[in-house]
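The structure follows.
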Amino acid sequence: MTDGPSHDDLQDFLTDLDAELRAEADWGTPAGYIPELADVAPDQFAISVALAGGRVISAGAHDTRFSIQSVSKVFTLACVLGRIGDQLWRRVGREPSGTSFDSIVLLEREQGRPRNPFINAGAIVTTDALLDGRMPNLALSEIIGFLRAASEDADIHIYAAVAASEERTGYRNVALANYLASHKNLFNPPELTLGTYYHQCAIAMTTDQLARAGRVFAGLPDAPRMISTERARRINALMMTCGHYDGSGEFAFGVGLPGKSGVGGGILMVAPGRASIAVWSPGLNRYGNSQVGTRAAERLARFTGWSVFGG
Amino acid sequence: MTDGPSHDDLQDFLTDLDAELRAEADWGTPAGYIPELADVAPDQFAISVALAGGRVISAGAHDTRFSIQSVSKVFTLACVLGRIGDQLWRRVGREPSGTSFDSIVLLEREQGRPRNPFINAGAIVTTDALLDGRMPNLALSEIIGFLRAASEDADIHIYAAVAASEERTGYRNVALANYLASHKNLFNPPELTLGTYYHQCAIAMTTDQLARAGRVFAGLPDAPRMISTERARRINALMMTCGHYDGSGEFAFGVGLPGKSGVGGGILMVAPGRASIAVWSPGLNRYGNSQVGTRAAERLARFTGWSVFGG
Amino acid sequence: MTDGPSHDDLQDFLTDLDAELRAEADWGTPAGYIPELADVAPDQFAISVALAGGRVISAGAHDTRFSIQSVSKVFTLACVLGRIGDQLWRRVGREPSGTSFDSIVLLEREQGRPRNPFINAGAIVTTDALLDGRMPNLALSEIIGFLRAASEDADIHIYAAVAASEERTGYRNVALANYLASHKNLFNPPELTLGTYYHQCAIAMTTDQLARAGRVFAGLPDAPRMISTERARRINALMMTCGHYDGSGEFAFGVGLPGKSGVGGGILMVAPGRASIAVWSPGLNRYGNSQVGTRAAERLARFTGWSVFGG
Amino acid sequence: MTDGPSHDDLQDFLTDLDAELRAEADWGTPAGYIPELADVAPDQFAISVALAGGRVISAGAHDTRFSIQSVSKVFTLACVLGRIGDQLWRRVGREPSGTSFDSIVLLEREQGRPRNPFINAGAIVTTDALLDGRMPNLALSEIIGFLRAASEDADIHIYAAVAASEERTGYRNVALANYLASHKNLFNPPELTLGTYYHQCAIAMTTDQLARAGRVFAGLPDAPRMISTERARRINALMMTCGHYDGSGEFAFGVGLPGKSGVGGGILMVAPGRASIAVWSPGLNRYGNSQVGTRAAERLARFTGWSVFGG
């Protein structure tokens, strides 16, 4: 097991990686279901690596904010586990789903208990558990507060226009939320939980900010101590088995790091004890995960030897 | 990240663990579908940890042979990948299945391409690929040879009676094999592939032998160099996401190590760079994985801090 | 093929049947999901047979109004086919579903096109097609008007309290409607279509009224000529294969008449050329169809020899 | 309700129909999975109508023998019900399947109890029940004997080459049979039941013979009295709801007669009290039912007014 490359070598690698990926110009297609995502130029890439010791090494558009979308689910999960602990697992499972992110089929088979907290249905339940009878702005403040504290950066906000747009077109999520409610696995009014959910997904961050926020899962010695080692380990396990929907096995196979992707093209990855990594490129592959982001993750993992499955 | 406990501390821990688990006496129920497995006394436990440096530290019935059953699938996979490489992935996927080990449903949805090489359908395809037109005894010699070389122990054999028993009652596997054949994803006659499959599952080993054989996946410096680092890493990733059927997410969450279970009650686990671990206890939990073995794995992971998701 | 019993024999049979079923006192359980249905006393039974020539022969509580619920779907279908004809079949299929009435699974498999117009999803699409951009009261007037004209009885109304109650608790239907909308198979706002749907289901009728209304499907010579012979035949075919959800095959096997059941305990049946029959008893069997009503239907079919599958 | 056309009118209609269908020349594609069926010229058509009074009126190639395939399932069902009565229904259901004829999915959901006796799994169970521990030739003699007696024609035989060909390629059916065996719903060795099943499917008949055999279900006064009125009625009900696999609803909707199709291009239909009808044309539509045969059935039903759902 190696400790990975030096700062300089890593900086050179990331700079080269950015150039290579731009040269390859195989960007995939941004999510098309709302204008705010569809209109993002696909030929963008950013990568940031937050290391033990406090350094963040970056390349590409690492100062550009993007909609973190489902990457937010990891942080909401951390907030909920901090609030109610293992009670959450009565309402949501911990197994990969074997289906696409917004499937309603497994939900029917499993009587309204989502398979894991990262598919849409499970994330809606998680948000519902965080809401806990409070007004949405309180729950959202908690998530934003967590992100700001974890990244030590107060400049993190919600893009209200993205949330509003999702709210207008999210029939599938309304279906999921009401289906959960029909199984009594939603405790707040569906529209309240969904409103919170859309706003949480509409948080905008740079890869620098996201990499710094992810340090709490990587257990870096100088990261803010916001969650216990055991909790971080378990959240990492969930990211490994369920973080990329029906492409989770593939990501584990090719990259070997726990990660969570979002439809906005962001991916957060954790190299336990070593680094927290954020990549972003808005074009998606067939699983709904960032195409260039996934490729970058594979190359970074190979270069650094940080795969949790052996150097 | 710690390097784990000293040899003495580990030995003490394993000895205590054996005593504790015996005291708890919550053994689960051995697999009931063939007499050879059903008749095994449930109150048995063994654990062996093969470490870098060559030491194997054990407790319990670590000299008792048990039927490794599906644990064999990891070794067959290693043999096949050595033989035909990534061609295998044309015939079998790399995603968790979200269903039980012998489900035929996903196979129908995915047109005869099993989701991964560890569910029964996928393991049958993998065995079929290893067979490759040869007589079964040649393929079986290859698997046995791999196990002997990896464990540096020639005393590993097949329990023919177990294979014969499975052959008599394995209607479900005959169904899977013929279903695969109907999708042209079986290249040898179903009965030949199944015969090979049953014999591979009927290999008997002790936990000491299994832990030593697993060193090739752990990348221990003194282990026989039989597979590349990259291949080991990828097989470990598959064990993490798919190694425990529909309990894989739970195992990753609770233990945090790549592992493969068998219905005979054995589990092989890999702590990359540190150790290869085998546990055995014949009673099963509701996922079909060893009940006491899973509990032992959780406690060992907590004690050692070997979870790949962070110490 | 016989022409069935005389009026007197039929009256005697129905009177005896009513007594028998009361004596058997095996009523099943009324639908429990809204108070208005759950609170109905289960030990009630009514049957009415509208014959060619204009006579209606009845027994039991044939003047008691009950919520016709899904029986309304046959009349809504007739209205829609009258309005837009075979265009409807672009949006909904004509095959039995093989699943329960409110399943969302097949909807996912078939990309948002419900299997038939009688499962909930298909009935929601049918109502949506009838609504056709109009205000709900116009569509509802059309259905009520159809029922009044068909039964030649103006005293047919909606129980607003039932509709309101369903609207408060119908999470599953909200899920279905939004799922349909996500597949662009709902043209009006989900809440508007659902409001119309709930009100149509909340129509209250007596078995006498319902039997008279059903004459338009039976092709009785003196019935109002509201739909063509071919259309009636086709609606009857749909009732035969899909009218009792996942108990449709059983109903065809045991009764042999096209029929449509409702969760309020009503069943409308058609004996083409001979009679229109309505039964009601609020307790349900495991398929969600009236338990005593189904039994009454079997005995009536045996007595009269009216099965379409041979006397 | 009319009694249908005169003999002369019917003869003229059938002759014209034959000419029309030939002119349209839209034949579909014969089943391709075995050479014996794939090599049949698709541009063939035959129709025979057996009427009360003993007349059989025909057109097209009504003396050409074809493989009746799944049409045999109706006769096997009649034999089994005669032998063991309603006990059969413990092992097989009476509901449409909502899936294709050889699906294994529902079988898994319903724990090895096929949905109905006409999908492959259900027909295999039915054949298994007829076999009942006897040698296959006894069961086959019973089916052939039934067909000869029903059609009053001794010249009905099995095409052994078709059976042998199916046996060589029938992986999917082997899968189904073994799956049933794994659920203990097969009482004879899978290969014995399947051998019987293939031979029963390989019976060759002309449409004249098939129409005459079907008279036992139509309850024609001069037909051999081989099954009771009630049994015929119930078999007809099953043909109506399940006789055309996942095209059953469509067939009921378009034709309105109970019918059973076979992959050899034959369809048997029953107009209770009036006629038994056989059509044949080897090209299939997307449901696996005869394309031209289905079209002929629709036109015949419209011409005669024999739909059970109203003239």
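The letters A, B, C and D name the chains in turn, as written, and every chain counts its residues from 1.
Criterion: a contact is a pair of C-beta atoms (placed from the backbone, for glycine too) under 8 Å apart; a residue touches a chain by one contact, two chains touch by 3 or more.
Since this is a predicted model, take the numbers as computed values, not measurements.
Student: Averaging each chain's C-alpha atoms to get its centre, pick out the one most distant from subunit A.
Tutor: D
Student: Counting only Cα atoms for the centres, state how far subunit B is from subunit C in Å.
Tutor: 55
Student: Find the geometric centre of each of subunit A and subunit B from their Cα atoms only, then give the gap between the two centres in Å, rounded to an integer.
Tutor: 32
Student: Which integer distance in Å separates the CA centroid of subunit B from that of subunit D?
Tutor: Chain centroid spacing, subunit B to subunit D, equals 48 Å.
Student: Enumerate the residues of subunit C that touch no fewer than two other chains.
Tutor: Within subunit C, no residue touches at least two other chains.
Student: Throw together a list of every chain pair that touches.
Tutor: Chain-chain contacts present: A-B, A-C, B-D, C-D.
Student: Within the complex, which stretch of subunit D touches subunit C?
Tutor: Per the touch definition, subunit D meets subunit C at residues 1, 93-99, 106, 115-116, 217-219, 229, 232-234, 236-238, 240-242, 246-250, 252-253, 256, 258, 272-273, 307-311.
Student: In the complex, go through subunit A and note every residue touching subunit C.
Tutor: So the residues of subunit A touching subunit C come out as 103-105, 108-109, 171-172, 174-179, 181-182, 190.
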